[in-house]
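Letters are used for the chains, namely A, B, C and D, taken in the order the chains are written, and counting of residues starts over at 1 for each.
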Amino acid sequence: MARKVLYERSGLPDNHVSRNFLETLRRNVRVRKYSYWSVVYESGVVTQQLGSVCIFVLCWWLMETGTLVPSQLFTSSLALSFLGYYLYDVIDGGTGRRCSGRTRLADLKSVLIFLSFTYGLSPLLKTLTETISTDTIYAMTTFMLLGHLLFFDYGANAAIVSSGLSLNMALFASVCLASRLAGPLHTFTLITFACELFALWPLLQKKLKKQSTGCHGMLTVLFAVVVVTALAMVAPACAALAIVLLFLLSFLIPLWLVKLQLYKDNIHGPWDEAEIKDDLSGVLH
Amino acid sequence: MAAKVYFPSCCLPAQSAVLLGCKLGRRDSFLVLATMSFPFTPNRVKSFLASVAPRDTPPWCDFRPEVLGICNVSADWRVLDDESSLTAHSLCKIFNGEAWLEVELHAGSTSPSSCNIYRRDTNGHYNLRSPRTVVFAHYNQREAVTVRWLAEDSSDFTSMEEQTADVTKEPSEMALFFTALSCNEQIFLPPPCEDDLEEKQSTGSSVCLRHWQDAGPEGSIVVELGKAACRPIRRVGAWFLALVAPLFICRLWTIAPLPWIGDCLSTWLQLHHQHDRLRVVFSPPVVKVPPRLTPPRCADMICSMLLDSLLGLLLISHIYPHGHLEAATDALPVFTQAVAGHLQELLQWLMGAPAGLKLNSTLACTLGRFFLYHIHLWLSYVSMLVPYVGPVLWYGGLLATLGVSLLLSMLIDITSLLTVHVYCFYVYAARLYRLQVCGLSSLWRLFRGKKWNVLRHRVDSCQYDVDQLFLGTLLFTILLFLLPTTALFYLVFTLLRLMVIGGQVVLSRTIWLINGLPVFSLVQRLLCGYNLAGGVEFEVLTQTSKSILNVSMQIQPLSVWAVLRRFWLPSRVMVHRSPNPTQLVATILSGELVQPWYRGGSGWG
Amino acid sequence: MGAVLTGRERNYHYNCALGSTRAANRQLAWTPILGSFGTLRRGRRMEEPGATRMASCRGDPLVFSERKQHGLSIEYTLSSPGVSLSSLLCCTLAVWTVTYPVSTYAQAPALLASATVIVMLGILVYLHWIRVQHESILVISGTGVQLSTCFASGRCDTHFIEMDVVQDIVINEGIHRQAVIYYLCVLVRNNQKNGLKAILPVFLAARPRLDCLRKVYRGCQEILHTEPNISTCVMDR
Amino acid sequence: MPHSICMVSDFFHPNAGGVESHVYQLSQCLVERGHRVVVVTHAYGDRAGIRYLTNGLRVYYLPLRPMYNQATAPTLFHSLALLRCVFIREHVTVVHAHSAFSSLAHDALFHAASFGLASIFTDHSLFGFADVSSVLTNALLRASLGGATRAICVSHTGRENTALRAAMPPGRISVIPNAVDATRFTPGPPTGNPDSTCHDRAHLPRSVDRRCAGVTVVIISRLVYRKGVDLLAGVLAQLAATRSDLNFVIGGEGPKRIVLEELREQHCLHDRVTLLGALDHRQVRDVLVGGDIFLNTSLTEAFCMAIVEAASCGLQVVSTHVGGVPEVLPPDLLTLCKPTVRDLCAGVIAAADRLLAGKAPDRATTHARVRDFYDWRDVASRTEKVSNDDSSQNDN
């Protein structure tokens, strides 16, 4: 059996097919085994993010129809944020703060910036899109929110993930929606609520998920329930749709993913490009 | 390689005679200038040749006329001097030229039957050159002498100095041919003392030549008068120039604001231009080589200035008597009012919902009010100007005698004065727009989480913290929604500005045309084309003998486009190439100011 | 196994033969009806005794004539069939048939007039600047090379290159549109700096085939490179 | 039986690279063996029309516009007329297309099939199966190789890869390695050939010149991701930290050069790491001879020409164990390591120690051995054999 080397003449014709042809071929080397329930557990993140988007749009809708007074929304969201802030430090006993080096004063500074700028610019934001027709605003908002969901950092290290872009898209959508509200105060409360919901809450959410699994599952259920009840209040048809969507998202798709693993067929051999497993970022910090 | 003999067609059909001419460069090519018929005495011929030798020949070639050989018609030899029986062959010893031509002709025939060329070797013997083949080129001497050789590919021959610098490189044969002809003009002029032809022949004392001008010097009286008159005119012009020159040269103009103003005023530019022209025309000629070979720079300038002032006078004669000027001065305020009215309507339209566009009403109103106030300011500025316009136009009109181009440049200045407000609006809108565009592009990079790395001139990704993101997004949305409004204002005023610039470009393009048009050479090309030779054309004639190729050489006139391109006069009002459209659009989109590209000096490009 | 000759090349022999006969007898004594703006110095010869029939690289018929003057000058002329009067007429008729109904429908007689004028001008421009009738190369020993192109309207523009600037006349290969063709070109030397100043292709409109180019090449080389030999017969007897 | 071979590829002189030199050298050797060879490529700038190279090798630069990094647009018919004209004029019997990246080659294979000519395809690169671009390219290859009667690969791994990609029976794919011009890559002092002034002794960067002070590691490759420049950066950082007697010379240009420059600035290795930038093909030999160890960190290689050139100059070669690299040189000339920073560093250190201890094989013998392994005339004869069975099989 000819050795596969080029620097020796094996005397055989060049197109001789020896028995060890394609012996180094490997199939499906790096296939991950998925267990159904772990996939369901992981899909909770997506459900939670979808839930927060629905809650935001709902709050806007309530403000739009006047059932929700801006001050109520502002106070409740502020309280929740303080609670979250407190929780954020308690969970890991201050280790997170020590390593990230952000002092409480820095936090206060950024909160002040949020509030002052939003308050200052809200009259301008209010009249910003006055002349732009409503359906353009709705169309832009839906695109921005979809983009937010697409680019959101669910924990997967894929090329598409960019947390900055998703946050910006969410803020842009909130500004568009806010400009449709009645007064500058409404705009102010909605934008602050958007910041808390899209900027601060994901930080807490990630920490909670890392700390305790049970809490993450419980949160997913909580979000699902809140979304469905709120939608039932506003529009029962949407509630039914939401239920189906959530059920689909957390149970059917994982099942489908596990089933699809059977048809996976990729070929590996010496000709494949070698991946660099080392962590080179250390070298080029 | 066949030898070449250039023979003037006016000397055929020839009688037996001696050929006078010169050798062209180092090749076997001979130029026959004239034929001297028998009887003659050799030393008489030598003294005649010495008298007509050209004084200022270019150093790189020796064009002194000499006896090239003889041409005999069916062997009828008549020799003047009887005591020594001079045969044709012995003549070459006497004249002892480098080469000796013998041309045989049948009586009455226009093409030679044979032509032998003998070459003198080191010890003085004359050997027949072989191959015996000779190219006999008949050239029209009248055209060839009066022609100015400007062949396209002999562009490296335009200035004689350039040519002399590189002596090793032999200039092209055609250049040699025409230079030789123009250097030996002396031979074609009749000897000053004898004026009667018959008397000359009978006494045999003087030389009887045959060439294109043997019937007497050709030339029109006008040319003679012109040549005679040009010296005094030049002196008067120089005196006048000395008077005017300090006006332009004095250092007063170099004080800070003046050069910039000077640069803006096209009238001042045009005056400078006229001054340059006069200085060139009235300065004594520097080039020492025969004038025929230098381009007709002065003639063109004089003609273009004459044309300019002629047009100016025509215009004035039309405007002044019919009172158009007064009508214009009255019409001015009415015109400005109308313009102001239109502008105000435009602004009102912009402040509303222009073309259904959804502008931010508050911003649109603020901008609109700002510009309305400016129009009000401009109206008062114009009403202040009106009393002065009348006299300015009247005296300005008088300037037109110096040239309609001066009038046009005054027109340009007046339009730019009257449209100051359009310029201001444009600048404000452009600055605002540029600010907004730059802000938006950097915030857009922030929006995508990127940053412009100034050091490496590339876009790097970078980690923003939350409040930077928040602030950036807020400002980004605000600027984005305000952009349409400022963009629309900017676009409208840019269009206005471009219209004004367009008008001024048309005017300056005509000025450039009037300044640059080489009238004299154009007329010369159209009337007598062969004077400006652009090339040569050969045609093979019917052959009579085996060893001689008879070829007729005609001179091709230079094409009109080539004349314009070569003789286009430089003008200070340098019109830069107008920017290509894509560049223009890119400048407009990026908000940079569109500089007017018709002005000399700092303009575009 | 050689490539299969397909498409136009296969019936080359057929249409070339046919083409040339048709062109020959259809060639009218075409004196330009519209007169010519340029200088009409030399009437071009139509059918010369020394003329033979050749084909251009696309198979169009050409008339090739040679005139040699006892070893001192040689002139090759390639003429393509003249512009047939009928083709011009039917072109104007076509334009008329199109514009006539339109102008009557739109009640704008000016449309028809302007169309006619445009067609006339177009024909004039076509004859005077575009349609090449004769192309010739004249080599005169010791003097130079003259390239002349005569258009259908009789206008000829010639370009004379002196012998000391002419470096050589060669046949070169080049890619023209979608084919690789041979063409004759005159190499012009730069008499100031050494090196090549320009390459002037000859017979651009006719684009003859290699066999015709070989003939022209051999003729020109004879004239260009005749060696001068100085004989020693002494004149004085 | 002398063939009339038409080499078709988008990559040819004045473009510099592996495929270009392969096509040129193969054509010269085939002309030497009496065949009629014509090269067809697209026009490079104003270099269009027909040009002649040494030994009357005629090159057709077709006026086709390159679309993406020197490859023309894959529209099938814009080159049909010109290619047909060339096939007819040159009486071509065998069409030999090169490189899977060149769309002109794919077109030529199609047209050769439609004209009934024998066609051979030489594949110079390896391709994966996973990402989108390789799926598309493999589909295109499968389509264009349908008509091709024979294929040539430069290594056994390459043959397996092409057999899978083009769904072609391995019997019709023969393995003919690249070769190196041994006369040019010889050990000995840098000659500084006359026309490349930058490489006479004085201009050589100090670190290459300083032979005695320490061990010089030479790296010559295009600085792109496929050549493992990130891996190289990691290796450089670690080696520079552990061994102070190691100097590095890096030749070649590419978008990833910034990675190396940043590494040099952060670890202040200005005196020990020299970046030479783009090297002309003639200067490569002088840089190689200036070093002791040749490091190759590429992630995928069909037949790595660089290590053969380095071995021919007598250098010890350290390379990643990827693609066809193990088949190129015998184990005593080549140190193979896994494509990780730690393994590569160990390989280089081992080679350096062997060198310092004097146990490294002598340069002249290495050169002699490599010269016998690979020779362009041998490649030409084997290619000729492929053309023979190709055209004979095509006739019956």
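Going forward, a contact is a pair of C-beta atoms (placed from the backbone, for glycine too) under 8 Å apart; a residue touches a chain by one contact, two chains touch by 3 or more.
Everything numeric in this text was worked out from a predicted model, so none of it was measured.
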Pair sharing more residue contacts (C-beta pairs) when A-B is set against A-D: A-D
Separation of mean Cα positions, chain B and chain A [Å, integer]: 73
Centre-of-Cα separation between chain D and chain B, whole angstrom: 58
Chain A and chain D, separation of their C-alpha mean positions in angstrom: 45
Distance from the mean Cα position of chain D to that of chain C, given in whole angstrom: 50
Chain contact graph, described as a line, ring, star, complete graph or other shape: ring
All chain pairs that touch each other: A-B, A-D, B-C, C-D
Chain A - residues contacting chain B, complex: 109-110, 113-114, 117-118, 121, 124-125, 127-133, 162, 164-165, 167-168, 171-172, 175-176, 195, 199-200
Partner chain A, residues of chain D touching it in the complex: 126-130, 155-158, 160-161, 163-164, 170-177, 226, 228, 230-231, 233-234, 237, 259, 262-263, 266, 299-300, 302-303, 320, 322-324, 326-330, 339-342, 373-374, 382, 385-386
Interfacial residue positions of chain B with respect to chain C in the complex: 1-4, 27-29, 89, 118-119, 125-131, 133, 135, 137, 153, 156, 166, 169-170, 172-174, 535-540, 543, 546-547, 549, 551, 554, 556
Footprint of chain C on chain D - complex, ascending: 48-50, 60, 62-63, 81-82, 84-89, 91-93, 115-117, 394-395
List of chain C residues in touch with chain D within their complex: 1-5, 9, 173-175, 178-180
